[in-house]
Amino acid sequence: MDLWTNISLGFSQAISLQNLAYCFIGALYGTVIGVLPGIGPLVGISILLPITYSLPPVSAVVMLAGIYYGSAYGGSTCSILVNTPGESSAVVTCFDGYQMAVQGRAKAALATAAIGSFFAGTLATVAIMFLAMPIARLGIKFTPAEYFSLLLLALTMVGTLTTESPVKGLFTTLVGLLLSTVGMDLQTGRVRFAFGSQWLIEGVDFIVVAIGLFAISEVLVQAELVQKFGLQKREQISGRYWITMEELKQSFMPYVRGTVIGFLIGVLPGAGSTPATFFSYAVEKKSSKHPERFGKGAIEGVAGPEAANNAANQGALVPLLTLGIPGSATTAVMLGAFMIYGIQPGPLLFEKDPAFVWTIIASMYIGNIILLILNLPLVNIFAKLLDLPAALLSSMVLTFCTIGVYSIRFAVFDVFLMIIFGIVGYFMRKHDYPAAPLLLALVLGEMMEQGLRRALTLSNGDWTVFVTRPISLGLLSISALSLLYSVIKYLRGKKRLA
Amino acid sequence: MKETGGRNSIFTFDRMVALTSILIALFLIHNEYNMPNPNIQQTIGPSFMPIAILVALIFSALLILFTSLRTERKTGDADAVLAEPSLQTSAEQYKIMGMVLLGLVLYAVMLVPVGFIISTSGLIVWQAQLFEKGKWIRNLAVGIPFSILIYYLFVHFLEVMLPGGILSF
Amino acid sequence: MKTVQHRVYRVWIVAALLLIGIGMGAAGAVLAADYPGKSMLMIAPSKPGSGFDTTMRAVVLALTQEKLVQAPMTVMNMAGSVPGTAQIVLRYSNDPNMIAVMSTTGSLNYATGLSPYYHKDWKPIARLISAYYGIFVRQDSPYKNLGDLIKDLKNNPGGTPLSGGYSDDRLCYGALFSKAGVDITKINYAAFAGGVESAGVVLEGSAKALVSTIDDVMGLLESKQLRLLAVSPGKRMEGPLLKDIPTFREAGVDLEWDNFRYILGGKGMPDYAVKYWQGTLTKMVKTPTWQGMIKKYRWGDSLLVEGIDKFLDEKQVVITDVVKKLGMDKKAKK
């Protein structure tokens, strides 16, 4: 069987000592950045990119993948013990997780989060394994026309479905698209919006934007909060038992539902894991016999969203690996990493280098086991990270951000650009302008424009190519529907206010 | 008009954003429209997409402007978000954030000429002071070894060149 | 008395000058003997995995394995070749311990006006290798040879779209088809980031042919998904899949084309350092390690030390001319 030869090929490489070691480092580092508030996988991966240059590509990607899904494990720790979500996808875990910790059930909350993450992570990897080849085969038929339509769909979903304020989501998406046009145009070699700067000829690097918008602005917000509230204290991990049979039984169905919800939302381009966690929480609350327990330490309120978060994270790897299209801001950074190693993910990768893809998939099984061990018996050690003085931590974060940005091409110019985006990011947070669409649009924008123009070049200027090809037509119709949906939502919002 | 500070002035954050982006977009459209294009066979040139995006950006800025005006008419509040007191930023808070940024800018300026180790130690001490007054010895005791360790690790182990500056080794 | 004193002074001055001269000479000799002494910085002005990076890492590997250079060598990747070269020019102009790799891309960027710097702003040391191009079609394509494709490009330029990389691949495309008498400003050329990326549309069928560095798409040639019509070097290439493929010239277009990669130092690099590297690289290309690299990446062994400046001058003229024909020179109007 094709699938089994592939996956055993993957495992044979994934269990090499070197790859195991990088998988472990990735999982460890992922857990650490997950636990630490303010450093999510996006920032964590961005600042690490330059130092992975000298690694063999397979090991580097195994490690980055480990960081990526590992951070989702660690994220719950901070939510449960400090009531501070490390990133937006861990917000829901605060609702009941922190309440459980206050009631002295921190251990059960941490355990159900870790087990749920493992359950969802492993099942989602199985799903990836079965889905990857069929989607990649479909992807072989993709021409620039299909890529344009798919990217347009991803962008409409990002800008409209996933944010509270569709108007501002649209605005930041467009700003991201505009930034993506800066620099040399591939088709003609003409430079746009560089205003004489040699550095801008290469375009605005998305890592610079990512670190600015997410990490620098976070340090600013922390500085602001410290001034107001002082430093925060955490709940202790106490109690004898990790989790009782009863609690595990209560958690099981939420795990299953969360995994399914998370994976389906994660696979959609442009959605990301945050809506998956909110959706799962709503489902659990609705299906519970005692919805009034939610928000007061209901274990289902931790189990479901945590499973959904991990499943969505893994699900987002499907479009990335099979089509080369990132579905979320973090996978966009992952795509950048792939490109740096000279790997173009997409259907051709499955043909050209199957060992590479399947090693990564196999390593996810191993990584999830490592993470379960790190996050259950050893969680105490990581919780100690939360006792690090915020003062030192934030300055170290700034140092790593600066190194990360500077060493892309050894330009202080990029460091200043990062600072500017940090200030912009701060005000965007304050006034509800979502940053993720901007970043995703920056990455997808160039691909989309190039897709559009390549399609027109290849069809000798015939615009009908987008609607005469069935896959492209289908994708365009879905984007039209989602646009229509957000217009209706906007108009209904108008009525509600009246 | 209530008298709670500048909250209900006509120039709220959203409106300022919308108006400035419309002006910038118009300038960029003008700029892009007058660019000479290479003589290469293609249906849409390099200006098409930027101009299309800019036109859409003007539209979405108008939408923000319109939404902001509508919210004010319906709720009597120009900027509902800023009305929450916890989100109001005080002068001291702006000051501390300004100091963080100042430290970062100085760091960027000093990084190459002075070198990584000295500038990083400086940044750590500066930043730590802003978050927590005092504890000089602890901060120095962490900052200096941290900078040296990172420098050594990056330059000799991970093969990423960091600026050596005056302490090059 | 006065004149004697004068003479004494003069003797002293001459002696002092002599001493300084000897001292400087000795210091120079010591420097030259010691060179490179401390560690060498080897700049690859592009991302890891790119042609620049592969070349530079191959050089370092060969020099280390064959024990030709004792000093430690660090490869530094500078993402983005345009400002990358500017960096080399500005920051390391007088540092003898920096060398970098450059290619046709440098001449191309200068010709299009993208970069204000070219080979006269640094010190070329030696041309090392050439990478060759090929014109590829899908296995079941009706084109039997390069002539068929050229005929279609002349008769039906709009209906014969091509694909290929945006940078040096496009240069080869321009040089080849303008030489063949095709009006290249009428051809639909879909530019991609590189050879592999542009192969997709040829496999799918929406582009009729692909211009790419041969090594980039070798996998697709081996799996018989692509077919090779002609190759760019002056004589036929080696290897079972390549030895029967005609060169451009054999296929009827009088052109030899390659992507030459050369090693350079800063503009102020002292002569002894230039001599050192020219000697060392000449030794290196003969070693088995380097010959293995050449085979592995299917490079042409094209060492050129004497006359490298003249070679680059001439190439700049040729490339500027092709860029004009492509319509990509900076003075082009709408």
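The first chain written gets the first letter, and so on, giving A, B and C; residue counts start at 1 in each chain.
Going forward, a contact is a pair of C-beta atoms (placed from the backbone, for glycine too) under 8 Å apart; a residue touches a chain by one contact, two chains touch by 3 or more.
Just so we're clear, the structure is a prediction, and the values are computed from it rather than from any experiment.
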Innermost chain, taking as reference the mean of every protein Cα atom displayed
A
Chain pair bearing the highest count of C-beta contacts
A-B
Cα centroid separation between subunit B and subunit C, in whole Å?
39
Need the CA-centroid distance for the pair subunit A / subunit B, whole Å please.
22
Out of subunit A, which residues touch more than one other chain, so two or more?
53-54, 187-189, 410, 453, 457, 461
At least two partner chains per residue is the criterion; list those residues in subunit B.
37-38, 40-42, 159, 161
Return the residues of subunit C touching two or more other chains; collapse runs of consecutive numbers into ranges.
76, 188-189, 328
Sites on subunit B touched by subunit A in the complex
13-14, 17, 21, 28, 31-32, 35, 37-38, 40-47, 49-50, 53-54, 56-57, 60-61, 63-64, 67, 70-71, 74-75, 81, 87, 89-90, 92-93, 96-97, 100-101, 104-105, 107-109, 111-112, 120, 123-124, 126-132, 135, 139, 142-143, 146-147, 150, 154, 158-162
Once bound in the complex, which stretches of subunit B touch subunit C?
36-42, 159, 161
Give the list of subunit A residues in touch with subunit C in this complex.
53-54, 57, 140-144, 184, 186-189, 191, 198-199, 201-202, 205, 339-344, 346-348, 351-352, 408-411, 450, 453-454, 457-461
Interface residues, subunit A side, partner subunit B - complex
50-51, 53-54, 167-168, 170-171, 174-175, 177-178, 181, 185, 187-190, 192-193, 216, 219-220, 222-224, 226-228, 231, 389-392, 394-396, 398-399, 402-403, 406-407, 410, 412, 415-416, 419, 422-423, 426-427, 430-433, 449, 452-453, 456-457, 461, 463, 494, 497-498
Residues of subunit C touching subunit A in the complex:
47-50, 76-80, 82-84, 86-87, 112, 114-115, 158-159, 161, 163, 166, 188-193, 196-197, 199-201, 203-204, 206-207, 219-220, 223, 328
